[in-house]
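Here come two complexes built around chain A, the first alongside chain B, the second alongside chain C.
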Partner chain A sequence: MTLRPYFAFFKAYFLVYLAYRVQVILWFFTNALEIAFAMLLWAAIYASSSATSLYGFTLVDMLLYQLLMTLTYSLTDMNPIDALLDDFNDGKIAMSLIKPVNYELQIFFQNLGANAFRNVVLLLPMLAIIIGSQLLSKAGVVISLMSILIFIVSVIMGLLINYFVKFIFSNLIFYTEASFGLWQLQAIVISLLAGGIVPLHFFPEVIGNILRLLPFAYIQYIPVMSLMGRIGANELSLALWIQLGWVIVLGLAANLVWRHSIKNMKVNGG
Partner chain B sequence: MKRFLKIYWTFTSQYIKRLVHYRLDFAIGVISFVFVQLSGILLITLVFQQITALNGYTFEQMVFFYGFFQLPRGIDHLITDNIWLIPNKIRKGELDRHLLRPIDPLFQIIAERFQHEALGELIIGGLLIAITFPSFGISPSIWTILLLGVLILIGAGIYMSIKLLTASLSFWTMNSMQVMVTVYNISDFAKYPITIFPPMIQTLITYIVPFAFVSFFPASVLLNQADGMSILIQSFLALMIILSLALFVWNKGLKGYQSSGH
Partner chain C sequence: MIQVSHVSKDFIKYEKGKGLKGLIQGFFNAKKTIYHAVSDISFEIQKGEMVGYIGANGAGKSTTIKMLTGILTPTGGEIKVNGIVPHQDRKANAKTIGVVFGQRTQLWWDLPLVESFSVLKEIYQVSDDDFNERMAFFNDVLHLNEFISSPVRTLSLGQRMRADIAASLLHNPQVLYLDEPTIGLDVQAKQAMRLAIKKMNETFKTTVILTTHDMDDIEDLCSRIMILDHGKIIYDGNLQKIKDTYGIIKTLTLTLSTPFEHHAEFITSFSSDHDITIESNLTQVCIKFNKHHTKVSQLTAWMMHHYEVLDMSIADTDIEDIVASIYEAKVVNV
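On to the complex of A and B.
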């Protein structure tokens, strides 16, 4: 099988987003507002605390964590659910299925094109964050070339995990016919379990340990914690192996689920 | 008026028929909103493991404010959620359909959908208030409760006006969805007592995007921390200003509307 036709999907989506670049800039503002909100909330929380650190995080660590989580969210962002819901609701999916391309891969490359465009726009702010965090990190966080390399590898695996998890989840549309609810449910569940609302080590130890084994932690939390130097060398290599394990398991599972769905789906019109 | 109510009921009953058909969609929708609320409560709970009060507010008070926040938001969701579709309708030229009918187009758009998922917000909000309020030892008079009802409706009106104002920008920009999202998300600050945020933010959500009137001030009235009458007057003024601005922009946009494509 050759991947060449799929680069056309990648390019098409990259260009679509190029046409809507004002939207992307506004999307950047939305993110900036969210970060500002999280930071001000944490600043208020730390101001009310008698200790300077909560669960081993000082306020500066927390702000850095929030920034890096948002950054990693953007880097690993994939939304197969949007395409699947659209194609399912108006029956277009029937047309996609008779074409000689793999639908799962088609959506993957379309998502990747959108992701790539957004992250090119974000490149400058991202560099500023990384350099800024270097300056802030005198307290102990040291970002080396090696840790950046590990971060990149980990983010790529995180992106794959995110895609497979959401792809499997979005297949529920074929069985439940729920659209908006499903979209909102997956967004909040993944955000919560991935450490987007509170860092996973803020949870009670038992729950935190379980969450660290689930695939969601490997989308953003593990890459971010590794970049912040919060994971020891031994633990880190174990974490990366677990991450690779999840990529493989979820990739296979996504394939199985998809095969089952296309055999059983009922589509409108088409 | 009677005619509008009748039409509204016709639309809503059609929508309810749809819900009966997609029962699982209904359940998942409500559950998804419940989940969103619970994750917010989780954050407060985990943080309060480490601190005893946040800028003077106790855990119960934080949860109370969070619960109160859901009520006007939920009512607005339930009734006027379809305003979110205005940018799409303008861009795709679907507004034409509404303009051809002999009823006010804004009314039609609002009546088109009854957002049942918001019930999740209202239920959780109500529960959080019911659980936390008794611990404050305050017994509100019947007056206060009536006043709160009015304040909550004004709050829902403020939400609606802000959505309509930002959605109407689509008449000029073709797609103002992202602006809508950004401005709407400013309401996040109103989930918590606004006094925990810096003065600049307090000014922003009181005088510029008046989300503070949606839940912080009414909730403070219930806690006897603010004077009901003066909050009522201020909220009403805030609503009038933002609503007339929204209607002005909407009507101006509608006048110059040129359909797309076809």
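On to the complex of A and C.
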């Protein structure tokens, strides 16, 4: 099998987003606003508390956490759900299935193309903000070359986990034909369980420990925690192995689910 | 080339009740009904044949095409296209086929047309030489260069269809499935499409299966037709034969200078033709007759003898009427 056709999909979607660059710029500002609101909120929370650190996070740590989570969210963001729903609902999937390509890989590379374009646009401003905040913070979270390398590896695995989880969700939507409700559900579940709203440290210990075993934590939380040096050396290697385990398990599950879907497909319309 | 034997496809439908009550009931206890989209169809198509596959909406045409292309798995029966079972080996099958669904596009909506072709070139791994040669050929027949660098979403329907058909032929497929390729096109665009399809068939011996509601497409392109009704094939054979059997009724329309009054005399004069009917509205007269029993010259002579004829025209029954009468009769004896 050659990957050449899939790079064509990658390139095509990179170009599609180039055609919609205004949308990407708006997306950037929406994100910036979200971060700003979260920061104001955390600043208010810390100001009203007598302690300077909550669950081991100072205000500066917390702000950096929010920034890194947003950045990692952008790096690992894959959205097969929209493409799959679109394809399932109005039968557009027929147009992909008449081509000699693997549909799962096609959607993956299309998503990757969109992801790449967005991150090329966003990465520089994001990095500038993060380095700036690093310099400002006196406590100084030290980021070494090694931790950046681990972060990159972890982000790649996070991206795969995110893609597979959403791909499986999309197929559930296909079985139940309940698109909107399930879409909402996955968005909230993934965001909460992945530590997008508050760090998993803030959950009661039992729940936090369970969440740290679920795949959602391995999308953004673990990469960010490793970069912030919040995970000890032993725990870190264990976390990376668990992450790899999830990549494999979910990848196989996604494939199995897809095989089932395609056999039972009804192609709507036309 | 294509062998289909005893193929059926059932869909399970969940009936939803009316109103809120029905919706809630349906949520807990949906009523299952099995819908036979296609039942027990068999046919064979040879290389280079152009076959018209016609039938009313919902007759099962698109379902058949989707099974032949490997998108849908048949509930029963066997399909082989070029030795490949499409739903088992979808990708291998996809390499040898081209498909145009008139209601959809295989082009990238937001990208310039030329980008879609370069993606397709990679998908089918078409060599540079073949690619350039074929693009030149498409440009010759379909005039793609007029809009090759415009984003697909800005193309007119006619342009988009021309591009779509070129896209489906880029890898020189052995079988071309056209599902309503001329839907929504104006007469000129339709003619361009037909010309392109004909040229492809002549040049590359491409086997073509065409579904359409436009009988001109069929008459122009296909020598063989299959008529599908409620999931069953009710006719499979020569187009000319069906025209001979069902197309024996001709229509003569006349405009007279004075109102038509000799109704009874007319019927007695032509009583040997059981199929003859005459309708008149003042000076307008419309006669339907069986061409094997009555000659046009007899009719016109009779009319001219009794009236001054200002204008007249003769028409064959078109295939559309034939198909309509077959749908109604449900039984074909040819």
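Note that the second predicted complex is superposed on the first by the 262 of 270 C-alpha atoms of A that agree within 3 Å, B and C clash if a C-alpha of one lies under 4 Å from a C-alpha of the other, contacts with A are read in each partner's own complex, and residues count from 1 in each chain.
Following the convention adopted for this analysis, contacts are C-beta pairs under 8 Å (C-beta built on N, C-alpha and C of every residue); 3 or more make two chains touch, one makes a residue touch a chain.
If you're wondering where the values come from, they're calculated on a predicted model, not measured in any experiment.
Trainee: Going by the contact rule set out at the top, does A:T2 touch chain B (first), chain C (second), both, or neither?
Mentor: Only chain C; A:T2 stays clear of chain B.
Trainee: Under the stated touch criterion, which partner chain does A:F203 make contact with: chain B (first), chain C (second), both, or neither?
Mentor: In the superposition, A:F203 contacts chain B only.
Trainee: Looking at chain A, does chain C or chain B touch more of its residues?
Mentor: B
Trainee: Of the two partner chains, chain B (first) and chain C (second), which one does A:K92 touch, if any: first, second, both, or neither?
Mentor: The second partner, chain C, only.
Trainee: First (chain B), second (chain C), both or neither: which does A:V101 touch?
Mentor: The second partner, chain C, only.
Trainee: Give one of first, second, both or neither to describe whether A:V16 is in contact with chain B, with chain C, with both, or with none.
Mentor: second
Trainee: With the touch criterion stated at the top, can you tell me which chain A residues are shared between the chain B interface and the chain C interface?
Mentor: 20
Trainee: Mind pulling up the chain A residues that touch chain B in the complex?
Mentor: So the residues of chain A touching chain B come out as 20, 22-23, 26-27, 29-30, 33-34, 37, 40-41, 44-45, 47-51, 54-55, 176-182, 184-185, 188-189, 191-192, 197-198, 202-203.
Trainee: Would you mind writing out the residues of chain B in touch with chain A in their complex?
Mentor: Result: residues 22, 24-33, 35-36, 39, 42-43, 46-47, 50-51, 53-55, 117, 173, 175, 177-179, 181-182, 185-186, 188-189, 192, 196-198, 201 of chain B touch chain A.
Trainee: For the complex, which residues does chain C have touching chain A?
Mentor: 11, 62, 66, 69-73, 90-92, 94-95, 97, 99, 101, 103-106, 108, 110-111, 115-116, 118-119, 121-125, 151, 179
Trainee: Inside the complex, what are the residues of chain A that reach chain C?
Mentor: 2, 4-5, 7-9, 11-12, 15-16, 19-20, 91-95, 97-102, 263, 265-267, 269-270
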